[in-house]
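Shared between the two complexes below is chain A, which has chain B as its partner in the first and chain C in the second.
Showing the complex of A and B:
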């Protein structure tokens, strides 16, 4: 019964979404104020309908209703409650519904909080969102229906994929999808602006918070995914340049560029067409990333098994969305002219530089991901592009960004002088150089470059903020007061840069990791990284839908035990799969990482993989700090107060 | 910039998207007609002996050259892999299972760092009788390797009979590899 209601709600949502789309797009042109006022209501009811469908699917998962094929195939009665819920979106059909749910949530948010927007702009934005949502809802309803029934129902479901039964992965898809889908709002604003034919500072001020919030979620989602592969795959790898990872990285890169150039639109009313193009590109990349990965074109382990027929349907939708928006861009964008001017050496130019490098990296990653299938199609040549290609092309492009990141935020708007800025940054440069020399002297050249770069970014961001609050030049109390009075956007930007610097430090630190693989019998111990690692015991332990063997390891320094670790091997009987659950302890600056790899026959002991990963936590902590910086920037007064129709004089800094 | 040039410039993104979309359309159509499978590509090596190469050993094991593959005592596999490749990680248990059945598997680590490779082998087990390193990736180009993992079946005459791009799965092993092993035993 409940799944039927869900199915009905889904069908209702399709109708409401298309109504929202058609009315939203055409009502402003017809100058029909009543129809325009109707779009927010349609957006809200469209959201409620999908919400009902989504809840119905979750309900079917929670009560283990195995007459629903989706539940029977991807859940089972023994699975813990959390994974019965998250399992509903751990497969192709369910994840489509989650995707549509988040898209409608974005529309509902614009409808609910968009009172300050001009009525025609709001109607058009909601119209674009409605059309996109309608297309994908239609796809969900017709060819990937999560409510398909199964009769007779099996006694028990097939169970959750053991790899997905993990807290990190349970929250990874919703966070990542919110990031992907959130860019639909910036996209809708871009399309609406193209239709209206004008972009001003108020438009920039409207788009930025949306880009910012999606960017925060995307950053957190990527960090979460990378952290997940770090602790699940069991050997400390955290980024593989897999097509699916690249699919998430591409919108992140263009989204980061969008975030920065929207500032220029807001401040200087320049770079308008470029900003619109970035908004279109970011959402297009999100769409292609989410869907083309599923068509089976790109060889990846993450891919959901989807048939080429579904791929063609999706390709049609992408053609309409992406092709249509780029066609509109080609026709309308040339009339968008810049009104503000700035000198070649200014904050604006620094932001342009940032855009150039970010988009170069995005291009390289894009080409690297799509080159193999296309070359094969065109010339019948087979070739492979793997991690080495990406490392060799992306890292050199990241270098200039890291250098420029320290200098850019301290340049003045409109016209700046480089020398005074560089003079202020002597300390950051000195720290970076010192780190480089110390590490290079120990013959860790790659780590030296990376650590120096990370230290430079962090120090430069701190110098910037210290200068603004006049630290050590006025009393600490008055510095604190100044910090509190700083525009939140400035604090957020600084935090974002610090987070990026931390991530660079973490990645560089990981090149110094030490590890050891050893078979130990209970009672035996070994030395690694200055610690004594002792295997105390191996024993069985129960689990909800798995049985497990646990190794107890204690770490001691100078004879004193300071840490115990319990890595486990889990055996999932339903799927006949063994997973290794790593034990990771962190103190914030290094990870102690132990894996119970096997019990070799005849040895009477455990094969252990022991790792010490210096600075590894900084990789994900940096990602979170970046996302947090975005969040603080969102609370900036000028965004909270809303976009005024006319540009108010902004604060001293932003 | 003249108005026309400006218009053309703004059309570039559309042109790129159209070209890309058309490519995807052709690929998907051919996949639908079973005319194109990104996982099972024809190899120029089928029916031939592997091209000349001589690769050093890796992870303390013995490397090999094309002359070592001229006449194996029984059919064998050459498996290309890398520690940075996620599908390889998934494939590792299958290779261990195959190695336990007595099938000889020789490995070639593609563009890998010795440290990462050692880590990978110790983590996932060592199914390989010999293990060579193709650090430059040049031998992979000569073989026509599409991506890692990739597996080549070599018969007793040293001739490549089958190539599989992607991680070996239960289906592939029972559906293709086992019949091949019987045919060329």
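Showing the complex of A and C:
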């Protein structure tokens, strides 16, 4: 019964979403205030309907209702409760529902907290969100229905894909999706502004928090996914330039650009058309990223939920959404004239430079990701573009960004002088240079460049904040008071930059990783990275829906054992799949990483992969700090207090 | 409005410089990072020059996997087949979890002087029924399996399919 109710709620949501879309977009043009007031209510009920459908699916998963095909195929009675819940979105149909649920949640949030918005703008924003949601809900309902019944039901489900049975991956999709989908709000604001034909600082103040929230989630989602592949796939790799990863990276790049140039719109009322274009591009890339991967057009090593037969519907939806919005932009963009003027050397210019480089990187990644399927489609040639392409193109383009990142935030608006800024940054430059020289002297040139860049970014951000709170020039207490009084947006931005610097440090540190593949018998030991690794024992251990073999490894330095590792091989009998569970110990500055790869027949021992990864934790810590910086920036008073209520100067209408 | 014009000039200059850098880097990287996919049949027919990097995809032939442990480091040799031809492969290092006989895999590397494919990397997807897309394509072209007529034949039957002109 419950799945039928869910199915009905889904159908209801389609109707409500389209009603919200049509009324929201046309009511302001007809100057019908009652219809305009109705759109928030529609958005809320649309959210409730999808929420009910989503809960129904989770319920079916929790009680293991195997008459529902989705549950029967991707869950089983033996699966722990957490994965019975998360399993509902670990597959194509369920993840579509999750996607729509988050989209409707965004709409409901705009409806609930958008009282300060002009009524016509709010109606149009909700209208755009309603149309997008309606399209994808229709797809879910007709082509990929998660509530399809199965008769006769199997005795037990097929079980969760073992590799997905992991806390990191359980929360990765919702976080990543929230990031992807959150950009729909910035997109809706952009489209609404194009229809209205005006953008002002108030618009920027609305778009920025939404871009910021989505960016935080996207950053955290990417970091989580990377961390997951690092510790589960057992290769010790954290980024493979795989199409799925690139699909997440692309909106992150343009979203980061959007984040930065929305500041310019808000503060200086310049770069309006560009901001609108970035908002459209970011959401378009989010959409195409999610759906090109699911439709099977992009071929990936680790996409778990592909359904190639549904590709055409998705392609149609993408074409309408992206093509339509770009067409609207082409027609309406000339109306959005800039009013703010700035010199070539100013904060604005620095932000423009950041945008140019981020978009260049995005273009290169886009070309590298889409070229192989494109060539295959046109000429039938099968080729692939591997990590070297992306390393050779992205890293040189990232260099100037890293250099400019230190200087940009300290430049003044409108017109700035470079020399005083550089004079303040002597310490950061000196630290960077020192790191470079020390590492280069040890012949680690690539690591030297990376570590110097990371150190420069972190030091420059710290210098900036130290200058603002007048550290060491006034008493520590009053410095602390100044820190507290600083605009949260400034603190957040600094943290964001520090996080990025940490990530650069981590990535550079990983190039110094040492590793070894070796077969050891119990009692034997080997040397790696200055430690002695001894295999003590291999034994069996029980698990909930798997059996496992565990290797006990102890690490010692100068004869003293200081760490034991227990990598395992898990055998999932339901799917007949073996997974390796890596053992990772971290002290915050390096990871010790061991994988129990196999028990080669006849050797009587274990094949082990032992790694020492200097600075690896900084990659994900950096991602976390970036997301945290975004969160702090979000708590800025300026964004919380109803800024649009502030009196606008007469003639602010562009 | 001399200022506005000058500003626009700077902007165009910056964008032009950055874009040309991006294009230049891409073109330079294209030549080294583009790798073609070859099926065992194509390898036997075309004899790619030793040292030329490419991706080899097919089914791991049953009964051909041998692992030799040399000073603690395992070296695995096996044959990759598409049902029409097969190519010997050597790989030193840790194979992915799902590497086994009868599994569809993609190996990246180059032919060595002794006519073996020396793989730098072996990819097998995490999924027991999964077939890499390239491999699926090459099996279709070899006339051994068409996805339109159901799932791929059972892995261990690949051997008994006629292997013509299995190279070297």
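Everything that follows uses one rule, which is that the second predicted complex is superposed on the first by the 628 of 654 C-alpha atoms of A that agree within 3 Å, B and C clash if a C-alpha of one lies under 4 Å from a C-alpha of the other, contacts with A are read in each partner's own complex, and residues count from 1 in each chain.
The criterion applied here is as follows: a residue touches a chain if its C-beta (ideal position, glycine included) is under 8 Å from a C-beta of that chain, and two chains touch if they have at least 3 such contacts.
Remember, it's a predicted structure, so these values are computed and weren't measured experimentally.
K.L.:
Specify the outcome, clash or fit, for chain B and chain C once both structures are aligned onto chain A.
P.N.:
Chain B and chain C clash in the superposed model.
K.L.:
First (chain B), second (chain C), both or neither: which does A:526 touch?
P.N.:
Once the two structures are laid over each other on A, A:526 reaches chain C alone.
K.L.:
Report for A:284: first if it touches chain B alone, second if chain C alone, otherwise both or neither.
P.N.:
first
K.L.:
I'd like to know which partner A:344 touches here: chain B for first, chain C for second, both or neither.
P.N.:
A:344 sits against chain C, while chain B stays out of touch.
K.L.:
Quick check on the superposed pair: does A:368 touch chain B, chain C, both, or neither? Answer first, second, both or neither.
P.N.:
second
K.L.:
Thinking of the overlay built on chain A, is A:597 touched by chain B (first), by chain C (second), by both, or by neither?
P.N.:
The answer is both, since A:597 touches chain B and chain C.
K.L.:
Considering only touches as defined above, state whether A:517 meets chain B (first), chain C (second), both or neither.
P.N.:
both
K.L.:
Identify the partner contact of A:356: answer first if only chain B is touched, second if only chain C is, both if each is, neither if none is.
P.N.:
second
K.L.:
Could you say whether A:388 touches chain B, chain C, both of them, or neither, answering first, second, both or neither?
P.N.:
In the superposition, A:388 touches chain B and chain C alike.
K.L.:
Pick one for A:609: touches chain B only (first), chain C only (second), both, or neither.
P.N.:
Both: A:609 reaches chain B and chain C.
K.L.:
Could you pull out which residues of chain A sit against chain B in one structure and against chain C in the other?
P.N.:
In the superposed arrangement, which is not itself an observed complex, chain A uses residues 234-235, 299, 301, 382-388, 517, 595, 597-598, 609 for both chain B and chain C.
K.L.:
Along chain B, where are the residues that touch chain A in the complex?
P.N.:
For chain B paired with chain A, touching residues are 3, 6-7, 10-11, 13-14, 17-18, 20-21, 23-29, 31-32, 38-39, 41, 43, 82-87, 89-90, 110-111, 119-120, 122-123, 125, 137, 140-141, 144-148, 165-167.
K.L.:
What residues of chain A sit close enough to touch chain B in their complex?
P.N.:
Chain A reaches chain B through residues 233-237, 240-242, 273, 277, 280-281, 284, 292, 295-301, 308-309, 311-312, 315, 318-319, 322-323, 326-327, 329-330, 333-334, 370, 372-374, 376-378, 382-388, 515, 517, 595, 597-598, 609.
K.L.:
Under the definition above, what is the set of chain C residues touching chain A in their complex?
P.N.:
3-4, 6-7, 10-11, 14-15, 18-19, 21-22, 25-26, 28-30, 32-37, 55, 67, 69, 72-74, 93-95, 97-98, 108, 123, 125-128, 133-134, 137
K.L.:
State the interface residues of chain A toward chain C in the complex, per the touch definition above.
P.N.:
My answer: residues 161, 163, 234-235, 299, 301-302, 304, 341-344, 349, 352-353, 356-357, 360-361, 363-364, 367-368, 381-389, 392-393, 396-397, 517-520, 526, 575-580, 595, 597-598, 600, 603, 607, 609.
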